[in-house]
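Step one of this worksheet: look at the structure below.
Naming follows writing order (A, B, C and D), and every chain is counted from residue 1.
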Amino acid sequence: MVQEIVHPFSKYLRSAMMPHIWCPGCGNGIVLNCFVQALDELQEDLDKLVVVSGIGCIGRTAGYVNADSFHTTHGRPIAFATGVKLANPELEVVIISGDGDLFAIGGNHFIHAARRNIGLKVVCANNFNYGMTGGQQGPTTPLEALTTTTPYGNIEHPFNLIHLAAASGATYVARWTTLHARRLTQSIKKMLDKEGFCFIEVISPCPEIFGRYNKMRSGLEMMEWFKRASVVDNFSVPSKAEITPEKIVVGEFVNIEKASYEKLLHEKISQINEQKVEW
Amino acid sequence: MAEKKELEPERNGEQARIGVYVCHCGLNIAGSVDCEEVTKFAATLPQVVLAKDNRYTCSDQGQELIKNDIKEHKLNRVVVASCSPRLHEPTFRKACEEAGLNKYLLEMANIREQCSWVHLHDRITATEKAKDLVKMAVAKAALLQPAEEIEVPITRKALVIGGGVAGIQASLDLADTGYKVYLAEKEPSIGGMMARIDKTFPTMDCSICILAPKMSDIGHHPNIELLTNSEVVEVKGYIGNFNVKVMKKPRYVKSDCSACADCSEVCPVIAPNEFDVGLAIRHAIYTPFAQAVPSTYIIDMNRCLNKDGIIVCDKCIKACERQAIDFDMKPETAELQVGAIIVATGADVFDPSTLPNYGYGKYPNVITSLEFERLINAGGPSGGRLIRPSDMQIPKRVAFIQCVGSRSEKNGRLYCSNVCCMNTIKDSLLIKEHWPETEIFVFYVDIRAYGKGFEDLYRRARKEGAVFIRGLPAEIVEDRKTHNLWLIGEDTLQRELYKIGADMVILSIGLEPRKDSEIIQRLLTLSRTQDGFFMEAHPKLRPVDAATGGIFFAGCAEAPKDIKDSVTQASAAAARAGILMAKGKVTVEAITPISYIEQCKLCGLCTKVCPYNALALNKELKRVEIIEAACGGCGTCAAECPFGALTQNHFTDEQIFAQIDAVTEHDAENKIVAFCCNWCAYAGADFAGVNRMQYPPNVRIIRTMCSGRVAPKFVERAFLRGVATVLVAGCHPGDCHYINANHHTQKRIERLWKKMEQNGLNKERLQLLWASAAEGERFASKIREMQTIIEKVPPEEIGKAKKVFEKVSGEN
Amino acid sequence: MPERIRHPPLDIKKVKQPKAEIHLIKDQCKGCGFCIEFCPKKVIEESDEINARGVHPPKIVDESECKICSFCTIVCPDFAIFVTEKPCKDAC
Amino acid sequence: MSKKSALLTGMHFLNGDVACAEGAIAAGCRFFAGYPITPATEIAEHLSERMPEFGGIYIQMEDEIASIAAVIGASYAGLKSMTATSGPGFSLMQENIGLAVMTETPCVVVDIMRGGPSTGQPTLPGQQDVMQAKWGSHGDYGIVALAPSSVQEMFDLTVEAFNLSETYRVPTLLMGDEIVAHMWEKVVIPSVSQLRIVNRKKPNVSPEKYGPFVPDDDLVPPMACFGEGYRFHATGLTHDEHGYPRTQSSKDQSELVTRLCEKISRSADKIIKVQEVMLEDADVVVVAYGIVARSALSAVRKAREAGIKAGLLRLITLWPFPEKHVAESAKQAKAVVVAEMNCGQMVREVERAAKGTSVVFLSKLGEEPHTPAEILEVIRGNI
């Protein structure tokens, strides 16, 4: 009876780092699960994969995936990854980080990497607050939501990350909730096969912190909210994709072809060096 | 645009010279109405220059007579007292035109459907009523005006509803003629019932083998747009110009599907395949049968594990190389403009589980003829082996029971389902062909082998040894252990009881109207017979036309029929629709409004009530413009106008007042004046006649195109003239032939009721009835109800009403 | 098709239905209940036992009902459950 | 552009920034990420033209934080990397200089010092960042900082900076100033074969056995790079030898932080470079670095002409601090004069090292460095 049962995905995870630090009902585990599922389905070469993350609960993901990985300082994963990708374009560089890390302290890096269309694959687990530091208000906290720093209700308008990513020039933009695990997995697969800057927002439950303050005390309650509120509407208008308690528009919003920064850069480099030969 | 001035000369010009023709219609009318007396009476009426009766006015001689009289006696008005104008008005209008008389100068008195047939046993009162009806007709005729019809173009596209063999044939015929055809099918594939049948009688060829090529023609035909998994949800407009909305339910599989079946192989969910009557398994993602058109697979969302946008199982998605699976598909609504519609919605089969004595559903080895078709079919669940569900063994003794659900007062339907006899004969031959040793018994009421080659097939079956026993089993009992069956009943030829054992019993089930027929009926404003099948415009002469213009029938939607008849009727319907579209235009009846400019106060009320936006205020010219082509001819604008500035051609205020006055000339206090709309209530009254429903004779029906034409002043006039009760009857709300005109009727009647109450009158005297063309009984019982009301109306009440309405109806 | 279905499918035995084997790594479970709530066939439910983390891990109600959609596997944040197909010898 | 097809060699007339850029290329730097700022901008401009010619990457990032972050990323992906900035940018970079220290990332940060604080005097020289170089990022760590005082050294020390950072897996700072950066001088560039180029040591164990932070005897761990199949983890958090976070353990904290300091201090003798001029018998020792050292040299020469026993100790390595050299030269001297373009930064270290010998501080701020006369005067005043 007590024979060791081995999970089929354990080969993608660092056994030394398991079990992960995440709370019961936290969606980060599902994001990680979907990510490795996608790796499994694509038979991705783990030796050529680099997972980068920043600060926050989801930031631990880098440490959990059994590939080259780097856990940067607050908000810097995209800037760091830019260096990695340009230095070695052969590498598949995936950033898995949180809404606060990527869009508050790291917001500038996000929009510029998207603008440059560097071949980075960004997955943002959006839990509407700063979970690890105890539940402060963040760039995606809904209006009127209660957090430890908005005890009277949030008066800041949250980012519509989909609109932001699309406007910044991402070639692939999608949003799912952790309940849409299958579609999320398919999106991650698509993203890994695409050229240029890709972005997936995953609405993820944070029952222990955000939920506690906002009357959704269990992961199930938050997942039920996702089920109730989410509407699959592919390629709908990003600007109309704000998240409200009543409606979470999910789906693929952008999927276009555009030459990546590294491709153009290396074309330039070879042009320059051909010219030299002619001389 | 016809205006008062232009009409002046006709109006008060030379005296009206009216000819009245009273028809015996064999004994249909003469049987209960004294036609000679009615004719004599007619001759006495003002402006009548001659009155004649003859046996069949619709016959050539009858028509010739009218033509000659028009020429000889310079008749300028014609009244025909015979059947319903819905039946023969076109005939007599044509006669008038041929004699050079404008067809709008004809008026009919309906003394058959609305008199002789509904008062079969009271010759005296029936005759009196007939006189009244003629009097009304003459009174109106005197005021009739000639009118010119305008023409509107026809959309040269057709919609065929239903993709069974009838719909397929109709679509192909029309498409080959060169017309664009939309074929809407509710199921995921076309093919209908014929696709499920193994062999066809009497030729015994393979059903799907001859149907499949036609199906794929549909799929590839450049002129055909196939809409499967689709239902008609809205129909607006009129002959030649229908706007149809078709709701296309999502398949969840894109047309890129190559039908490779990889998806259903991995689908973990199984369900009984409806196509095989549940005798075989299918998956949640499936195609109903091998030859399905389109071949694109479909996901049964009631079975699929994935619910409300959450994909839990993605096996099919992963298995599909072409990535054709799309769980995000949403219903789409196609908006079609078509000139003609062919209804080929087919029939359902009778459910024998309602007959406990046969034990269907209880005894595994009692199956229906449809289940038999799937069993005997090589492509079916048993690979063509006729096996007993109980033990999968091939039966040695097989019994067929005929007329299951047909020709029975208590069990199912009254009518003969038409195909079952030959189907059983065919089936018995099939069994003999595969397993010659099998003993076959057919229990029947009588065998109807009336068609070409049918009798031969019947003989063959007998020669092959099938035993035919007259007299259906009273019950079937089952041997619990062996699941063998005993059939117990009386052989009505031998006059002896039988108890015959069989390994398997096949119930030869009848056909019945589609359970959802009402939907199509309502959408297309069709009428249905008592059987529930759609009613043709004329059972003999317009067998594939619906009463509503531009709509035609094909296949079992109209009545049970076999493949050959369905195909024949389909081609006929296609031809009829083709003729309509070939003409390219249709003439609009000249029943459009007439405006009297000087009375118009430009209040705009008429423009608000018009369902077709056919009226527009022209502030500069200070008048309402009438767009005849757009006008549907309901007349509700005329009813709405408070200033008498609008009236309706051929249904003018004067004409209707004249009819009212004619009715109320004598013993009004015992009469019912009924205003009936042409499409539902009046047709319903005709229907009551056709079915010989009897009701009190003191009702006098005034036909308007729509109940929306009934102006309050008509009702008031009737009461002013001392009538006991008034009935206003129209189509059910939502079924109005003029979109929503009858919704104004409701408002007006409510206003009248209020007024009656305020003036202390018994509002019961004014009744409002919604009755469809099929609801003859509803109409009849309303009249009976009103009869009892009349008895409660004392003379002083009538007097009081006269006073109350004196002031208001002053103007005319 | 409108007809009511009255006979069980004749080929019900012929179609091979994969047999599931559900694996629970109980001590890894944090008791979020996602696998239970979102199982389309409701083949698992909360158990009474208490695992190493002090929560009630799921228990199997009816393995034979499982369609091996494996949603539980992917929706489990803690990699505590997965499903495999029984090799044919035990299955058929 | 195709005229400069290869590494520069031989004699050239260049400005400091360009010399630095050429030094980087010569050292094998193939990744530059930066953000324009006076007076370091020419380094970026020159590399934007030169890098592609060597298949290297030049990218202008959205700010200096991004620049240093990208530099760390590129280094982990296997390229020698560098960024260049000035005071305000240097301040922004401190966060990730700390990350580079913690993750032991070989990389070079060039800080062309200008007048501060804040935006201060963008086009004028200063030496106000030298303490920030040592203490700028939070936490304890060892770091290497070099101070060029000529255009030639802008070339030479850039090469040296890369060699040191590769050797010790430590971010190495080139603390130039506006004048050395902008002045034009003759530069002699040795041929490729004569150049000493050091590359980081690679692991010689299999991936299974590899721990990214398992140090050798020199306390420096061999460095695998991303994509080489070692599948390792690195983090800014306190970590163990496998790079796995150890945020709750005192042991890991003290072991790691101590090693980060000691891997530099223990090798100080190997790292430190100074220039000693006439120190043997000097009564007055002038200590200077960067551009100021050049005035100091001529002041010392003038003093000798005037019969005063003066000598110069020029700090080439600022950090680790050349304590021994200062102590040695201060021993027999009467006084030590420290001239810096700040309000007294390195002088504190000198005082610490000079033990008892009186230390005179000569400050200068703004447009120009100390003149030789000004320094000579102080020398005279201290005999």
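By definition in this document, contacts are C-beta pairs under 8 Å (C-beta built on N, C-alpha and C of every residue); 3 or more make two chains touch, one makes a residue touch a chain.
These figures come from a predicted structure and were not determined experimentally.
This structure's chain pair with the greatest number of C-beta contacts is A-D.
Separation between the centroids of chain C and chain D, computed from CA atoms only, is 63 Å. Chain geometry summary: the mean Cα position of chain A and that of chain C are 30 Å apart. Taking the mean of the C-alpha atoms as each chain's centre, chain A and chain B sit 61 Å apart.
A straight line joining the Cα centres of chain B and chain C is 53 Å long.
In chain C, the residues touching two or more other chains are 38, 71. Shown for chain D are the residues in touch with two or more other chains, of which there are none.
With touch defined as above, residues shared between interfaces to two or more other chains in chain B number as follows: 310, 312-313. Across the assembly, chains come into contact as A-B, A-C, A-D, B-C. The touching residues of chain C, when paired with chain B in their complex, are 1-12, 14-15, 17-18, 38, 40-41, 67-71. By the touch rule above, chain B contacts chain A in their complex via residues 308-314, 317-318, 327-328. Of all residues in chain C, only 23-25, 28, 30-34, 37-38, 55, 71, 73-80, 82 touch chain A in the complex they form. By the touch criterion given at the top, residues 5, 7-10, 13, 18-20, 22-30, 32-34, 37, 178-179, 181-182, 185, 218-220, 223 of chain A touch chain C in their complex.
Contact residues on chain B toward chain C in their complex (touch as defined above): 187, 268-270, 272-275, 277-281, 305-307, 310, 312-313, 315, 348-349, 351, 353, 360-361, 364, 367-368, 370-371, 381-382, 387, 389, 392, 514-515.
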